[in-house]
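What follows is chain A paired twice: with chain B in the first complex and chain C in the second.
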Partner chain A sequence: MAKKLNMRKRYEVLTRGLGWEPTYQPKEKVFPQETYEGIKIVDWDKWEDPFRLTTDAYWKYQAEKDKKLYAVIDSFAQNNGHLNITDASYINALKIFIQGVSPLEYGAHRGYANLARQFSGEGAQLACQMQSIDELRHSQTQIHTLSHYNKHFTGLHDPFHMHDRVWYLSVPKSYFDDARASGPFEFITSISFAFEYILTNLLFVPFMSGAAHNGDMATVTFGFSAQSDESRHMTLGLEIIKFIVEQHEDNLEIVQGWIDKHFWRAYRVLGLVSAMQDYMLPDSPMSWKEAWDIYFVDNCGALFNDLGRYGLRMPKFHEQATVEAEHLSHQVYTVLYQFSNAAGFQTTVPTKEKMDWLSEKYPNTFDKYYRPRWEMYAQMEKEGKRYFNAGLPQICQVCQVPMCFTEISKGKPMDLSYRVSEFNSDKYHTCSDGCKEIFDHEPEKYTHAWIPPHQIFQGNCGGAEISDVLKYYNFNPEDGGEYHGSADEQMWKSAHGNNDNNSDAKESV
Partner chain B sequence: MSVKTNFGEYPVGNKDAIENFHGNQLVYIAWDNHLAIGPANVFAFPPEMSFSTLTEEVIPNIIGAHPDFECVDWTTATWVLDGEPLSPNMGESLIENGVGHKSLLRFKTPGLNGYQGTGN
Partner chain C sequence: MSKDKLFIILQNTEDARPFTEAFEQENPNAVFKYDQPGMIRIENNGFLGITKEVVSELAGHEVELQELHLVLVSLSGHVDEDDDYFRLSWN
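After this line comes the complex of A and B, so read on.
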């Protein structure tokens, strides 16, 4: 009987012994994307996968986790778990998640599958293959977890279709498309390092701790199931950066440029998360600003202290992001509030308790700049004139967020921030120095951007009326708008027996 | 800098070229010190449209909901077009006033600084 190999040996056999030097075709034709970005890999055998995971171990481990998850999802559905959350308005956070994030998991699945094909090192191929499968599993388990909510709430019915078309979803979509339209080393720097290593806690903590704080045990269970994969991806992200930089001295400057770019791109996507975290969770575990201080300022500050020995420094414009932390969620949620008549979720003016919480969490900014805004909107609503913006917003050519950001670092938090570039005698507007620099570095790429309001004016989104565009998005009329009076709120009230119409009906019987 | 590729030159394109807007041009308009209204709005207008259509129809439709709106006096409003001060001739067209494709037009209304003077 053959001797059983230990895990390290098996990993070595699988990742160092399976490759070969091609002879029918030159290597650069077999791996056509490996060199054009300018990255030089001298020895792929130096690739170290800290988990040394092999395929058989992977299947066994993931199957066990999935079995547990699906058992919880089943019992959640049988016990009508959707009625035990804090409030139906919480589901709006899940709508952003399934519309905005789950399709990114699928995009990551495709991106890593491409890397598994394009990298010539076997260790890297295997790691990318497993991450590709992880990402596919995540998008599937998210869809399965949230499908129970889809039976009871609006806006959850067609997230992948929406992701490709809807204005606010072009923010996450354009970021991932940008990474996936880059070469393999830029993609892996973007997704594995800038997104998964630097910023992933800022995405997962509000959604998953947010779920726990709001009684959503189905999403919590999904979060636990994904967490071990995420920590593997994070560790890998860090190893990859070190590996690339150590391979050749010419790689450092290229990689630093990508870290700068994709930090800013991913950070802008997280603007949506900040709004969801501070405004859409009825019970929020921590504010965006608190999360930023812990996960970015402290943790990433320490990380880059360590990476200094490789010659890497903090991403450019990180100071700007830190200065914005006291304003970001308020500015982004304002946009969601005033355009939610064209969204797949509902919004509302924060409650008095929520505003007091925001005052406490944002002592320097909320009462001074943002409370008056919500009081004005509340007054308008009271007068029967709930505010929705009557037009379409100007959108940044790079991050595709409506241009709601202000000149905070210049000490003018109530002046909108405008940047413009000229390219081939046309103007391109961006929201910040970070986005302008990304545009100016590769203008040929961003002139192709699919800017949602511009596409509506070109006649590519179903028609000129808002109802035509909503149909093109596959939104139902009850999906968006004001939360008070929405179908979700009605369902919630009637399920909890405090629907005014219901009690009238009972009395008349 | 240009985009690196492994297939030669990156294809030149402009998804928002003026030809794609059926005779219209894009214009962005913003009311400074009134952030509650939102980001600048984007419109598609014929370049020959008169500037006064903006103050008589287009802008009131957007900002009419704001409590400051009833105090707006267009004769004292100040304008900035693509970063330069502009004294618009109301009877002339957008293009005659220098408003081109993807121009950004901002205006201030002196004395009106948003809800309770907070810039909102």
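After this line comes the complex of A and C, so read on.
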């Protein structure tokens, strides 16, 4: 009887020697994207997947993960789990998640499917196939999990349609589109390394922990289920960087340029996460700044300390991102607050307890710069003049975040930051040195950006009135605006028996 | 902060228990943090590792180390894995 092979041998048998040299067509026509970025691969057999998952093990463990998740989803629905969260306002964080993040998972699925086709090494093909299937599983399980909330709350009904059209969703969409419109090596550096390795912990770990803190067991479960795959992706991302840099000395400079670019792109996307974490979770277990210090400063410090022997250094402008950590969520949430009349979620002034928590977590900035602003908004709301911004914001040509960031690294946190580039005698505006440098490196690419306010003004988004645009987004009137008095709040109060109408009804009985 | 700090985060569940305890037993200097809901963060300088023998002993039955995937939340460092051990390190 044949002896069972050990793990190394099983992986080797699966990923080596199954390819062949094409004879009908030249190799560069069979793998047309493999060389044009300038990356030189000498020996694909040096590609190693440290987890050495074989196909049978992969399906076995993925099936087990799904079984666990779907058991939780069922019991969550059977126990009316949506009524056991801390507060209905919490759901607004989930709305941004399913509108902004789940479609990225699907985008990653398509991206890795393309890589599995474009890379000529069999180890890389297998790894990209598995990751492609993982990403599809993530978007599916997120949709399945959150569909229960869709029965009871607004804004969750059409995330993929929204993702392709809505102004704040162009922030995550444009980042992924940028990566997917690049060559295969830039894509994998962007998503597997800059996003998955350097920054994904900041998205999933505090957010899932926040879900646990707010009684949302369904989200915790899909989050952990996806995160176990992410650990595999991160590990692979690190291997890939080492593999590319070790293959040829010419690769180092190209890869470092991509790490710089995609770190900054992905960091700007996470501005939305910072607002969710600090402002949209009724109970936050950890502030954005704390998460940044653990998962970026500590973690990536150790990572690049290790990668230094390959000649790689920390991504450019990382110091700026660290200095901004005390301001980021406050600036981004202010934009969401001002424009939520045109959003698929509701916002509100933070409660007194929340503001005290923010003062404690942001001792250098919150009371000085941001508390007075929230107190002014609270006062306006009290007077029946809830503030919504009636104009359309100017948008950064690269990250597509409205121009809300300030000159923090220059020590002027109250001065708006913007940069201007000229290309073909037109002017283009960016929000920061990081975004300007990305624009200036490839202006031909970013002049094509689909900038939502420009598109609205050009008449490409359903019409000239806000109501026309909201219809184009497939938003219902009750989806956005102020949380107090919203349909979600009404539903919550009536389900918990403290609705005003409800108590009237009881009295009349 | 030490420059070669490593971490692994596991779900705080019964299925993860033999793995968590093996990390405890086999890495005496590791620090265990329970401050985030639902998870256990295990930190050490330079190295973290477990063996199949210890995990199986703690579970009371034979465990395939790849079952770690079912309870893994996040990690850092280079992974070195085989049938009978799982290791994280910075080089």
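Just a few scattered comments:
Keep this in mind: the second predicted complex is superposed on the first by the 502 of 509 C-alpha atoms of A that agree within 3 Å, B and C clash if a C-alpha of one lies under 4 Å from a C-alpha of the other, contacts with A are read in each partner's own complex, and residues count from 1 in each chain.
Heads up, the rule we're going with is that a residue touches a chain if its C-beta (ideal position, glycine included) is under 8 Å from a C-beta of that chain, and two chains touch if they have at least 3 such contacts.
Everything quoted here is computed from the prediction, not taken from an experiment.
In this superposed model built on chain A, chain B and chain C occupy separate space and fit side by side. In the superposition on chain A, A:Y61 makes contact with chain C only, not with chain B. The angle formed at chain A by the C-alpha centres of chain B and chain C is 150 degrees to the nearest 10. For chain A, the partner touching the most residues, choosing from chain B and chain C, is B. Applying the stated contact rule after C-alpha superposition, one finds that A:N92 touches neither chain B nor chain C. In the superposed model, A:V220 makes contact with chain C only, not with chain B. When both complexes are overlaid on chain A, the residue A:Q394 reaches chain B alone and has no touch with chain C. Of the two partner chains placed by the overlay, neither chain B nor chain C lies in contact with A:T347. In the superposed model, A:S421 makes contact with neither chain B nor chain C. Once the two complexes are laid over each other on the shared chain, residue contacts for A:M286 go to chain C alone; chain B is not touched.
Contacts of A:P372 after superposition on the shared chain: chain B is touched, whereas chain C is not. The least CA distance from chain B to chain C in the superposed model is 32 Å.
No residue of chain A contacts both chain B in one complex and chain C in the other.
Considering their complex, residues 32-33, 36-38, 183, 334-335, 338-339, 368-369, 372-373, 375-377, 380, 385, 387, 389-395, 402-404, 406, 414-416, 418, 420, 424, 426-429, 440-442, 444-445, 447-451, 453-454, 457-459 of chain A touch chain B.
Every residue of chain A that touches chain C in the complex is listed here, in rising order: 6-8, 50-53, 57, 61, 64-65, 68, 201, 204-206, 208-209, 212-213, 220, 224, 227-228, 230-232, 234-235, 238, 285-286, 298-299, 301-303, 305-306, 309.
Considering their complex, residues 1-6, 10-17, 20-22, 24, 26, 28, 30, 32-33, 35-44, 61-62, 64-65, 67, 82-83, 101-104, 114-116, 118-120 of chain B touch chain A.
On the chain C side of its complex with chain A, the touching residues are 1, 3-7, 9, 11, 35-39, 66-67, 69-83, 90-91.
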